[in-house]
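Chain lettering (A, B and C) follows the sequence in which the chains are written, and residue indices restart at 1 in each chain.
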Amino acid sequence: MTKTNAGRFFEDYAPGQVIHHAVPRTIKMGERALYHALYPARHALYSSDQFAQACGLPFSPLDDMIAFHVVFGKTVPDVSLNAVANLGYAEGRWLVPVWPGDTLRSVSEVIGVKENSNGKTGVVWVRTRGLNQHNEEVLSYVRWVMVRKRDASSAAPETVIPELAKVVDPSDLVLPKGLHFDNYDFTLAGEAHRWDDYDVGEKIDHVDGVTVEEAEHMMATRLWQNTAKVHFDATVRPDGSRLIYGGHVISLARTLSFNGLANAQMVVALNGGAHVNPCTSGMTVRAWSEVLDKAETSVPSVGALRLRLVATTGAPFALRGEDGKYLPEVLLDLDYWALIPR
Amino acid sequence: MTKTNAGRFFEDYAPGQVIHHAVPRTIKMGERALYHALYPARHALYSSDQFAQACGLPFSPLDDMIAFHVVFGKTVPDVSLNAVANLGYAEGRWLVPVWPGDTLRSVSEVIGVKENSNGKTGVVWVRTRGLNQHNEEVLSYVRWVMVRKRDASSAAPETVIPELAKVVDPSDLVLPKGLHFDNYDFTLAGEAHRWDDYDVGEKIDHVDGVTVEEAEHMMATRLWQNTAKVHFDATVRPDGSRLIYGGHVISLARTLSFNGLANAQMVVALNGGAHVNPCTSGMTVRAWSEVLDKAETSVPSVGALRLRLVATTGAPFALRGEDGKYLPEVLLDLDYWALIPR
Amino acid sequence: MTKTNAGRFFEDYAPGQVIHHAVPRTIKMGERALYHALYPARHALYSSDQFAQACGLPFSPLDDMIAFHVVFGKTVPDVSLNAVANLGYAEGRWLVPVWPGDTLRSVSEVIGVKENSNGKTGVVWVRTRGLNQHNEEVLSYVRWVMVRKRDASSAAPETVIPELAKVVDPSDLVLPKGLHFDNYDFTLAGEAHRWDDYDVGEKIDHVDGVTVEEAEHMMATRLWQNTAKVHFDATVRPDGSRLIYGGHVISLARTLSFNGLANAQMVVALNGGAHVNPCTSGMTVRAWSEVLDKAETSVPSVGALRLRLVATTGAPFALRGEDGKYLPEVLLDLDYWALIPR
């Protein structure tokens, strides 16, 4: 009897299945210090207790992307250990802040399956919820992955494709309890630009770049207890390079976007996202954003911006070629809602 | 008068000597976050306060190997700065959990000396105890090292070789106060295998591998305030490579062993261990285990497994050649007791 | 309208200007754990709460250089983003310890400007103060940088050169409230040398060396929220190397100086300092010190040593060539006051 987890194959998923993922994790300020050492994170709400208190919060929560990565990492042994590709995200919402000392665990429900025509792989959709020690849902998102079949000759399951919103409706955005930007200090936040200063269609080059190192992406990925071999074991891929966890690129791009979006403090929804090309060590990652939409929220001082965030090793604003396909230098195309003072 | 510490030489040790090692250290959750960033640590008892509470502990203790490394690191300036080799461990026992906020210091007693026949080096045995701020012994172990003589012409001391147990007797294993596995959640722990599911002689391939980076092993080794030059200074060794601290390999192998031994939650004894071959940056480290023995403990729900843990850059289960010598790809052969639910 | 910060140019500074730097930061034990992973930090006062309590403090403060780096880092976007060179430091004083949980922000006043004769650059002097959440000044120092002009044809401002003390007068050194070394444990501190054991003119080779890695200096520099591109983006400099933040070299040298200056516990003043040559990844950094002066303090058990601290990739004690210029292997020449038991 083998004791090690070989991961699930396509045949192992069926709509309605609920998977309780292993290894709950208590996260505190040590994880935050590491996050700020691994990424150029500077949003003031996640840096200063006093700044957060001036925004109506009891103190500074853990970065929204820490919550995402911790919840996501737990799903890897059950969802993506035999994944060929991470295909997409939808309907992601941050629901309750994660405070230092909280313990997070993850639960996923299989909401769709579709075998591919080659008979060797299939697509699995899961809705993953992150829960804290009070069983409050802190985060919820859908992702779908292409997974290998254990046996190409096994029969295809009935196809179930979930209906997913293209964009989280702004009326469904959840603001942390108490949040307001009535006394927002733009000087301490680092920039003067308010919600009103951003126009739909506007593009922002975030200027800075980071050349990625192996030790950094591995430390980050391990911290989230993500166990996918390709991130750690240089012998897995034929070219001897480790594939960098897509979430590392998300956090790099999001934190680089401070320069131009310093006041887009909190990520509250993930509308979609694609890891367009693989990222490996030695690449210099840059970021640019496009304002896709704007919305008011239930709190008058708080506006929402829908932003496209692109990570690239190339020039800003280039995204797709004339053939409509992503350019080879583009690493990430993310679509999210962030909260910003009005 | 020179102010710097040149380390002790073989002549400086005599049985009965007690050495109070310098630099006590208060360790908290920051050290744990780093441990979990540097190693693929996933044992639930060291990850979640709630999981630990369900096991009868007040909250999640710091990883057993953090305790070991902190206690060990302090001994380096006094014991192994001029060591030629770290020869072995014996009679290691974890006695009291280390809680975030505890302050550890180390005290060693010289319990044996034996000059080598070449007249240039000798073997020194020390029993090291780790103490917390309440002067409770948290950890105790024997190690022996080969140390250079200051002066080859100095007279050999009387040989004293301590009698050491080959294995810590299971009746001497100390369980943390309150520990039980009555309400153990195997789903959250990550695997279903209990004490009963493991057979003596069974071998487990832990499957995963980690390609080691300079920045990671140096950060780890510094965190334990281990000052041995070979780990940090690439100019020390003729080949320009830094020698990785043996404890880094122990922690790598132990955390990799989660995959197949997820429920072997707590290390409670170190029966022995050999750093068989040097580890350097760029190597891909894998691990396999062998169940050497099983024992009941004073708590009915808690069993003990005696495990061989092997770190290797090669294939699983290969250990020694036909000549009885360790194979060149084997890095570590460790023998320990761990606690697991029955 | 561009949203990104292009940094200030020489024309943007005028004496009397006060700049409130962005992104206050709450720092706790996670930052300290990282500091001790990134540097071989071993001064007992910053390692153990019990050791600090025996010295009259409530518990162990955050390392003096953590305070410096956090305060310094915030000034980068406003002071040195377009700097050609960091020219010097003066009148640096640590005024109040930084405790885990404190929130730091930085305020700078422009105290001098002088256009260079080439008309393309100028020198700007700022006095920077670090403030905690109680608006107490925790740190104050002057630094001056050479900054590019936006437009070479713009008129030169009236030259204002501040008068700066060459050395902080020992009577101006501020000791942390309650500090004494009456019950100082030299064994736990790691060395026996007191204030009396050091002579003016004495030089100490700190023996150890560290070969620097990209991942480490980037993590350190990010942790201080220092945003200068040259530290992170390998494409900025023609030779493809990242320039290591000068403060990283300061911390490396200061922590290496433990070996010979283990009792020089607290840095209380920065008299001056020059980043003599650039440091890049792969260099092996060593350190040596020279005792420049000695002074008593207001507390009888506490003495002060004025120390030159040199970081070098070469042999100890070599500093300048026959032409009076710094040798190419010298990286840093720092002049500071530290507190040591009498």
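Everything that follows uses one rule, which is that contacts are C-beta pairs under 8 Å (C-beta built on N, C-alpha and C of every residue); 3 or more make two chains touch, one makes a residue touch a chain.
None of these values were measured; they are calculated from a predicted model.
K.L.:
Validating interface symmetry: for the copies chain A and chain C, is the fraction of residue numbers used by both over half? Same or different.
P.N.:
Both copies touch with mostly different residues.
K.L.:
Tell me the rotation angle, 0 to 180 degrees, that brings the C-alpha atoms of chain A onto chain B, to the nearest 5.
P.N.:
The rotation relating chain A to chain B comes to 120 degrees.
K.L.:
Using mean CA coordinates as chain centres, what's the gap between chain A and chain C in Å?
P.N.:
36
K.L.:
Identify all positions of chain B at which a residue touches two or more other chains, and write them in rising order.
P.N.:
Only 28-31, 33-34, 213-216 qualify.
K.L.:
Can you name the residues of chain C that touch chain A in the complex?
P.N.:
That would be residues 1, 3-5, 20, 22-31, 33-34, 77, 101, 103, 105, 133, 213-216, 218-220, 222-223, 225, 227, 229, 232-236, 242 of chain C.
K.L.:
Mind pulling up the chain A residues that touch chain C in the complex?
P.N.:
Checking each residue of chain A against chain C gives 28-34, 36-42, 44, 47-51, 59-60, 187-191, 193, 197-198, 204-211, 213-216, 259-262, 284.
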